[in-house]
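Heads up, there are several structures right after this.
Common to both upcoming complexes is chain A, partnered first by chain B, then by chain C.
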Partner chain A sequence: MEFIGISIDVFLITSTLALAAFGLAIIYGLIGVINMGHGAMLTLGAYLTWYFMSLNIPFFLCIIFSGIGVALVGIALEHFIIRKFYDRPFDTLLLTWAFFLITTEVIKIIFGTDFKNIEAPIAGAFEVFGVNIPAYRFLVCLFTIFLITISNIIFLKTDLGIKIRALIQNKEVAGLMGLDINLTYKAVFCFGSFMAGIAGGLIAPMLSIDPYMGNIYLVRSFFVVIVGGVGHLLSGTVIGSFLIGGTETLFAIFSDQVVSQASVFLLAIVLLRLRPNGIMNKKDV
Partner chain B sequence: MKKNKKNKSIVNKKISRRDVIKSIGYLAIGALASPALIRSAHAANPIKVGVISPLSGAWTVYGKAHIAGFELAVDEINAKGGVLGRKMELVIGDSKTEPRIVVEQANRLIRNEKVDFLAGTFSSAERNAAGPVVKALDKVLLYPTFYEGQEKEYHPGVCNKNIFMFGPEPTQQVWPHMEYMMNKFGKKFFMIGSDYAWPRVTNMVTKRKLKELGGSVVGEVYIPFGTPQYESVLRDIRKAKPDIIFHSLTGSDTVNFRQQFAAAGMKEDFALWTVDDEEVVTTGLGPKVSGNDYVSFDYFMSIKHPNNAKFLKNFRKKFGQDALMNTVGVAMYNAAHMAALAIEKAGKLDTASLRENLKGISFNDAPQGPVTMRKDDNQIIVPSYLMQVNPSWTNVGNMFNEVQSFQKVVPLAARCSLPL
Partner chain C sequence: MFKYKKFNFIPIFVLLTFIPIIFKGYIVFILPQYILFGVLAMSLAFIWGNAGILSFGQASFFAIGGYTFGLLIKFFPVINHFFLGSLIVIFLGFVVAVITSYFLFSAGVKATYFVLATLALSILTEQLAVTKSTLTGGWNGLFVDRINIKVGDFTLLDLSGDVNFFYLILFISLITYLILNYLENNKIGKVLRGIRENENRMLAMGYKTSFYKTVAFGVSGSVAALAGALYAAHASFISPSIAGVLFSTEVVVWVAIGGRYSLLGAFAGGIIVSFLSNYLSTITPQYWQLFLGIIFIVTIIFFKDGLAGIFKKRYERNNIK
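Up next, the complex of A and B:
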């Protein structure tokens, strides 16, 4: 009985982590931009969702609008700044951190510093084996699976996916073969920001909405992407989330929160020592 | 050659008529100007107060009410002509919610800005960081926030003769209501708090009274800052089957936890009593998540006291109809007024006389009713209210329903070597 409860918890945590990390998996995983502004993108998605909700737009439309909003911001960021730094990843670290600082202050100016609140569009919980699972939470997890599957299909089975993979594998040759490098980079960055915006909006009803909320997932997202393997969009993100989320949950059973959260760091160090390319240990996608 | 030496060795300057006229001129101007010089220097010499507030970082949400209370008081004081004829002036330092930045700001305000005294810091961690600084540089700190009480081992963050506590401690905020809560719900407490000084020591002090009343602690969890998921904690709570969840989480963690607690349908099974979530947090939670939970503080916007009506009117005039105020902002307001009263009483401004005159001072216009600063241990004596959140609140006006209140709760003596 308790095992089922724990498995359900692990499932919920894993999917939420995967959702939050997915935008970073695309931006950092695919095109190597160390996006320290990922938390800010989540926060922005949440605030945009709150804003659209206050205009009485139905929730799922709000999510899409926020995704588009953050994607636009992402495109602007990419076009004016990131574009020149694809071969200098450590500089992108500083630039995206600046983006985080600026975005947070702009959010504070526009929306104020108070806690904002979004009610979950689907209230109530249903009981499974003695555990109450919030209905909204469960739906978000299903949606995450759907999202990752769709992205994987796009990535592996479509033209755009082939172009992106070509870009990652060998930028120069792909360019020589006629690929529009700049446009492909933009498309990927835009898609990653879109995902981060959607994630922020979906997570917003489960968390407090304050100007720093997204940063709760910043370090965790990096762990998920690095442990899962940079570049492995589906398998890496899911397995990374499972390892990170699962470890935290498992250790929390036997000890306190500090130990369980610290054990995640320990796990990441050990795994990276043994598998420098991530848990899947393959170099290509 | 002899001639040259003679010329060089003696400097023979004659005073010319031009020099005499010049010096008389300067003296005259000086004499005419001096009253103006002295007067303007005196009048332009404001009392500078260094206010350290979390304006950015994790607890940005609390910074607004924190500073607003002090600003309102300073406006009122200056409108009446200031203190000893001098206006009060704020110099603000942003603590960024980081204790080490508090140290920087405290040093900057005292050494560079030459403030006369400090007010603020928000969390106990910030106050404990400022403690050594105000002790070494001998400046008074007016600390507003509800806190964990003074235990000797945390000196000089507490038990510091320069730090005056304007917020309640657990023997005022928690102890008076424990019997009521235990009689109503049961004796098993599950304690959940953030992982730092305030929740830990508050729980320690609460446990003393709990034991006295025959209660027990079935779980005690401390959550590191920035924890998004609470599945394991919720599971622990379900397993432990407490009667009351005693809640001292803070920052965004409290909203995350209470949201997930409510979403998991656990509100029906357990009573929640929070000593952290005031108007700002409760507004962020919404009525569904916060409804029917219990909160205890020395001040709420909704308490019915003529002082409060007047205070809120002035507050809203300055900050807008929707502005939020809470126990911490009101404590800053009281602190500013009481410091002004103390300086007037002393007739001069320096740390020692401010310290001596703050002790024992009363302020009758405090929004929650008359309050007094106790002499021996720098602890303020305030009322204590237990409120229940209205499950269908729509604004701060109808957010809390009073369950019980005590107009004046005398706290336990501070656990320091007294008098301070």
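Up next, the complex of A and C:
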């Protein structure tokens, strides 16, 4: 009985983490930009959702709108700053961190610093094997699986996916073949930001919104992506989330929050050292 | 020929020396804290500028130093001893930094991943300070008694006065600067710059790069921890926010603005920016942070060398004439 409860907990946390990390996995995994502004994008998505909700727009549309809003911000960031620094990954790290600082301050100025709450559109819980599962979180789970699957299909089966993969494999040759490199980069960055916005909106009802809420997910998302293996959109993200989320849940059962956080970070760092390219990548790449 | 670089630390320290003589009151009390932030900034510039290793964990060493010093004074009053406390803190900062970094560097982990690992260290330290509230006071922070420097029963330096404490901190930061500057201009500094430019080349030349990087990070950690200990002793207070991600970020911003390739630039950047932050955040807290973020972006894009770079260019231009 207890085992089922724990597994369901792990399942819920894994999918939430995967959702939060997915935008990062796209931007970092596909075009190699260490997006330290990912946390701010999540926060922005949450705030935009809160704002649209206050206009009495249906929740589902709010999520889409905030995804689009964050995507627009992402395009602006890419167009004016990031695209000049693709060959200097370390500077993009600093620049996206500055983006985080600025976005957080703008959010504080516009929305204030007090906590905001979004009511989950689907209240209540249902019972499976005697374990209560919050209906909303379960739905978000399903939606996450749907999102990641769709993205993977786009990545592996469509024309756009082939272009992106060509770009990762060899930028110069892809350019010579007539691929518009700048546009593809922009599309990927835009898509990653869109996913971050959606994730922020979907996570928002699970916790209270404050200007630093994205920070909780920033480092964990990075560990998810790194542990899972950069560039493996589906398997990497899911396995990374499972390891990070699972460890956290298990340790949280018999110890306090700090110990569970510490063990997660420790696990991530140990894995990082043993498999610097992630679980899904071969050791000597 | 008069070597500008060798003596350029004199004006800034002389300037600071005169401040308690000219001014009285609050500024004499508060300035040492900004000087310590400057020392913290130097600890980051030492590894960032020379070895190209960026750490988002400097604040955690600062906090580790502060809390350790505070707890030593609180629970071991027998060790009412400035030197011993400081030595323990320096040692602890070194050990923590070496343990975290050797594990990563020896595996050849990328510099960007190292940033994330140090970011995690900051988060952990902050959480540790918050949750172990029986020891650390949690969110309320830890109060630290001001102690005098004693040798036996003889009071060597009475630290209850602000002026004495000011000069003690100024003196320690001068010594710290000279040590870091010495390291920078000797073999380890050269090897570190070689690593920054091309790590594989240094490896091929037979240098054990992970060893040099680890030592450099250890030195940086112990300097940050010492600054933290002095900060706690001076402010008589330390709180978890000083360990957090945001404070770590601030350190990076100071160093970027001051100049990551110059210890003095970072030192001045730490003092000036933290002073301005504190001053302006009482007037216009939100817009100041926003402004700082924009300056940060502009610095990274256009002035990679920060303030120090501007001075250096000026000097070189004048010299050519």
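In the analysis below, the second predicted complex is superposed on the first by the 280 of 285 C-alpha atoms of A that agree within 3 Å, B and C clash if a C-alpha of one lies under 4 Å from a C-alpha of the other, contacts with A are read in each partner's own complex, and residues count from 1 in each chain.
Note that in this section contacts are C-beta pairs under 8 Å (C-beta built on N, C-alpha and C of every residue); 3 or more make two chains touch, one makes a residue touch a chain.
None of these values were measured; they are calculated from a predicted model.
With chain A as the common reference, chain B cannot sit beside chain C without a clash.
In the superposition on chain A, A:215 makes contact with both chain B and chain C.
In the superposition on chain A, contact is made by A:116 with chain B only, not with chain C.
Of the two partner chains placed around the shared chain by superposition, chain C is the only one that A:81 touches, whereas chain B remains out of contact. In the superposed model, A:134 makes contact with chain B only, not with chain C.
Taking chain A as the reference, the larger set of touched residues comes from B, when chain B and chain C are compared.
By the document's definition of touching, of the two partners only chain B reaches A:207; chain C does not. Of the two partner chains placed around the shared chain by superposition, neither chain B nor chain C is touched by A:177. Contacts of A:261 after superposition on the shared chain: both chain B and chain C are touched. Of the two partner chains, chain B and chain C are each touched by A:108. Of the stretches 130-138, 166-174 or 202-210 listed for chain C, only 130-138 runs into chain B once the two complexes are overlaid on chain A.
Residues common to the contacts of chain A with chain B and with chain C across the two structures: 105, 108, 215, 256-258, 261.
Listing the residues of chain C that touch chain A in their complex gives 52, 54, 103-104, 107-113, 115-117, 119-120, 123-124, 127-128, 131-132, 245, 249, 252-253, 256, 286-287, 289-290, 292-294, 296-297, 300-301. Partner chain B is touched in their complex by these residues of chain A: 5-6, 9, 12-13, 16, 105, 108, 113-117, 119-120, 123-125, 132-134, 136-137, 205-213, 215-217, 220, 245, 248-249, 252-253, 256-258, 260-261. Interface of chain A with chain C (complex): residues 34, 81, 84, 89-91, 93-95, 97-99, 101-102, 105-106, 108-109, 215, 219, 222-223, 226, 256-258, 261-262, 265, 268-269, 272-274, 276.
Put simply, chain B touches chain A in their complex at residues 56-58, 60-61, 63-64, 195, 221-224, 226-229, 231-233, 235, 252, 254-256, 259-260, 263-266, 280-281, 283-286, 288, 324.
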